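Both complexes shown next keep chain A, but they swap its partner, so chain B is in the first and chain C is in the second.
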Partner chain A sequence: MSVFLQQLINGLSIGSIYALMAVGYSLVYSILNFSNFAHGGVIMLGAYFGLYALNLLSLPFMGALVVAAFAAGLVAVGLEKIAYSPLRKRNAPSLYFIISAMGASIFLENFVVATIGPTFKTYPEIFSTTPITFGAISVSRIDILMFVIAAISLAILVFIIEKTKVGLAIRACSYSARGSNLMGVNVNRIIFVIFLLGGMLAGVAGMLFGMKYTVYPQIGVITNKSFIAAVFGGLGSLPGAVVGSILLGLIETISAGYIASQYRDLIAFSLLIIVLVVKPSGLMGKITEDKA
Partner chain B sequence: MLKIEDLNVYYGGIHALRGVSIDVPQGEIVTIIGSNGAGKSSLLNAISGVIKYSGLIEYEGQPLAKQAHKVVKSGVCQVPEGRIIFANLTVHENLKMGAYLRNDAKGISADFERVYDLFPRLKEREKQLAGTLSGGEQQMLAMGRGLMSSPELILLDEPSLGLAPLLINTIFEIILEIKAMGKTILLVEQNAFKALSIADRAYVLEQGKITSSGSARELLADTTIQEAYLGKKH
Partner chain C sequence: MKKKLTFLLAIIMIFSLAFTGCSGSGGDSGGGNGGDSGGDSGDTVKIGWIGSLTGDQAPWGKCESQTVEMLIEQTNANGGVLGGRMLELVKYDTKNDPNEAVNAVKRLVSQDKVCAILGPNASAQALAITNVLNSAHVSDIATVATNPKITVNDKGEVNPYNFRVCFTDPYQGAVAGGYAADVLKYKKAAILYDVASDYSQGFMQYFIETFEAKGGTIVAQEAFKAGDTDFRPQLTKIKEADPEVILMPYYYKEVALSANQARELGITATLMGGDGWPSDNLFEMAGKAIEGSYVVNHFDYNDPDVIPLTEMYIEKYGTTPEINCYMVHDAYGVLLAAIEKAGSADSQAITDALTQVEYKGVTGTITLGEDTHDPVGKEAAIQQIQFNTEKGEYEYVFMQKYGTQE
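So, the complex of A and B:
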């Protein structure tokens, strides 16, 4: 029982970080119908922004987190302007967007290698590394922090999407950008907002991830898992991205706890393949029904 | 109210509209009839700023904006062909999207009432996802959503498409009610007989060109129109 609880907590913690990253993929996919593979680069930069905000600007933790979020949000918006906006104006097919995204991802990684350097960097110790213990279960402070901050960030996102006017327009655009445009929605502005929101969450995720592990230019590779979590939950669906991420986190840690950690990815991805074979749209895929 | 002069639209190499000129006077129903592919939807999409065009589109004496969201802001709203309702949103949220550019909370809630009075079915299904509505209800929702932007001029694209005959009658009665609210309507229809019987003025569009025009009554009585569009033999 204690193994289970322990792995449950670990799984929720890592799953919540996957969720912060996965919603960025889903937001972009829901409106532009392509997978933004440059998202990993934004997460990686978020980890560096947080690190420098702490070290160079000597900001407190929360201040650095806000800086990382906004800086990463601006990078995401800038990427959209440079890499995707020209393609949108020409109505280019999705494949071009994906290639542009991959190019941007490679650029960001190498830009950091060339300017900052390829070495691993570690965050200063902000929170005590002694775990908190409840009986047989011990939880590291950073894991609790990751979960709490991810949960708050996602709650803010859900509030924006479900309760605000811009959120309503994002949902409408995800069904039909043309229809929203005819209702007076400036679709360019909605795209700006989704890149800003996705980028900010990527910044938060990058900083938390960097604090738990280390910071290096290839850190964005872990976003492959969050991308897979988004597909698992149903690409384009925000609840799907969150559910898929939490499930992926839980499956990973529980199989590591009960079987062996080498089997972790094998089991997680086998389950993914099964889900996609049985339900190709993912657990909560985008609604596409339409009556003409 | 709306004046179009020498409008030309190209899709790649295809010349979809060739020098179209039409007039839509305030408070009237003007209909554009024509067969499939004649350029009727292109005309509405040019007005709405969704596609590029050359020529003059003047609305209340001013050139109309060429960006879709600005066109809506100036009081011209399109109810598109195939409805394009937001299937993933509730009926109520769809109507709210219609009022996207408005900030007058009082006016919006008054218009909600008006739309629900006009379409009681929508009121019953307020909380339902729009994707679960029948085709006729989706058409009502698309029209209600258009009205929520509080337009002066409504562009209706094929409102009867794919609907059962009884429903078509209902939709055309509602179009007359919308006219009675003081709105001006530009109606594009394949169902020429229905369109001509409610319209004040009509234009016939053939292969991107206006081939005849006049009062709806005149066109209804015109033998060539009757043969080409109303299925009557002489």
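So, the complex of A and C:
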């Protein structure tokens, strides 16, 4: 029983990392209807921003987190201006956006390899690495912290979207950008806000990921799984992204722990394919066509 | 236009002449048994060396060639080989390019008529020269080329003229398994391995065979895929199986992450690994978690057998030698023993003698197996990671040399 509980905690912890990353994908998808593959690159930069804020600026943890969030937010906005905005002005099909996003992602990875170098970096030990134990179960402090920060960040995001005027505009745009534009919503400004919010979440996710594991230029690859989790939960739906991520974390852990670790990805992704075949819009998705 | 064509034709003719000339003389010395050929032609005995003297592999190649020069000087000062014949070194730069390596070997066997070749210091080059060696009947002893296919080809046949003095990657698994069972007296082992890596799988397979043959049991065997960052589901399962030792046969990034997470989950078992571990980052990433772990390595600077050679090299060249210095020293030692055993500098006789001699080198006792051409049961250096309180940092501490026949 204690092993099962431990595995459950492992799964939740892995799932909450996926969730923080997946929400960024869903946010952009809900407005622009394309998968922003450069999100992984922004997460990776967030991890480096946090590291340098701690080491070079000697900021306390919360200060570094804020710096990482804003710096990553600005990068995301900049990417939008350079890589997507020109395409949007020409009404390019979503495929072009995806290609542009992939290009941006490869660029960011190689940029870091060329400037900072390909070696692994580690965060200084901010929180004690001795875990908190309940009987035979142990939970690391960073996991608890991650869970709390992920929950707070998502709560702030939900508040912005559900309770503020900007949020109303975002929701309106996600139903119909053209219609909202006709009603006097400045769609360009909404897109700016979306990328800023998505980028800030990426910064937070990157820094937490870097603290828990390590920092290296290929972190972005990990986000492939959170993208899949977002599709599984229903692209474009924020609760869907969270639920999909937590479920993916749990399925992975349970199949590695109780069936066979060699077949972990095989089992987890077979399940996902089955879910998508039965319900193509994902668990909580709203759009069924053009899922690219 | 016509002029150009003539010029081109002339070039082609020169090239084809050079080429046929080359292969012709290559076949000549390939006679092997034809008395004079194959290196046994003069008063001096010629030995070839190939390796990278330029390019990004140059630091290792340079160290290797300097060591050979130093050793040959020493041998000649002590009266040479075969009752007074002097040794002569012919060395060529391969520029870390397999094609250059092939050309260098062609020159060595046809023009210079060397009796045997030492080097190169990379697997790709050692693989490329096999055909030339076979047609010339001249042997090559590779130094740090660990790819299993260099000595035994895809069909499982041994390459007749390729030898090496370093052990292959999977053999480290046998050493780790034997050391865990024999010396550390462990009975229960768990393995975490990279399902997508040949290195990891071969290492694991040899570990299991040896550990079980010595009476141990494998209580858990869990997989991950390179690029994963979270190993807690697998480690939780391993923890439940309660092993005394966990084998981690993969590279330092995953080692650091999985070791940290194992300690986080409260696993106290000893950790073991191979030559994928050592790296500048490992201690920074996971010092505390891997303290007390054992690492199987090719050699150790603090091994008492190794120190005299280090001192000799530093005295002559003023810098600390690389691993190549020690490996080529042993390759050279095996070759000299084979020349004396053969009683002549005939390349075929030396080839036959290579598997007949036993040489106690600085990296271990070397006997080249007849059906593998790899060192049989060669010792590896076992190191333990310890915290040095004086220096305030982690370091590899030499435990002993250990080899296994299984």
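Basically, the second predicted complex is superposed on the first by the 285 of 292 C-alpha atoms of A that agree within 3 Å, B and C clash if a C-alpha of one lies under 4 Å from a C-alpha of the other, contacts with A are read in each partner's own complex, and residues count from 1 in each chain.
Here, a contact is a pair of C-beta atoms (placed from the backbone, for glycine too) under 8 Å apart; a residue touches a chain by one contact, two chains touch by 3 or more.
These figures come from a predicted structure and were not determined experimentally.
Looking at the shared chain after the overlay, A:Ser270 reaches neither chain B nor chain C. In the superposition on chain A, no contact is made by A:Asn110 with either chain B or chain C. Touch criterion not met for A:Ser85: it reaches neither chain B nor chain C.
Contacts of A:Asn10 after superposition: chain C is touched, whereas chain B is not reached.
Touch criterion met: A:Glu252 reaches chain C, while chain B stays clear of it.
Measured by the number of chain A residues touched, the leading partner among chain B and chain C is C. By the touch criterion given at the top, residues 3, 6-7, 10-11, 13-14, 119-120, 122, 129, 131, 133, 136, 138, 140, 209, 213-214, 216, 218, 221-222, 252-254, 256-257, 260-262, 264-265 of chain A touch chain C in their complex. Residues 165, 168-169, 171-172, 174-176, 178-186, 286-287, 289-292 of chain A are the ones that touch chain B when the two sit in their complex. Interface of chain B with chain A (complex): residues 48, 50, 67-69, 72-73, 77-78, 80, 82, 84-89, 93, 96-98, 100-101, 129, 131, 133-135, 138, 145, 149, 161-162. Note for the complex: chain C touches chain A at residues 195, 222-225, 227, 229-230, 232-234, 236-237, 240, 253, 256-257, 260, 263-266, 280-281, 284-285, 288.
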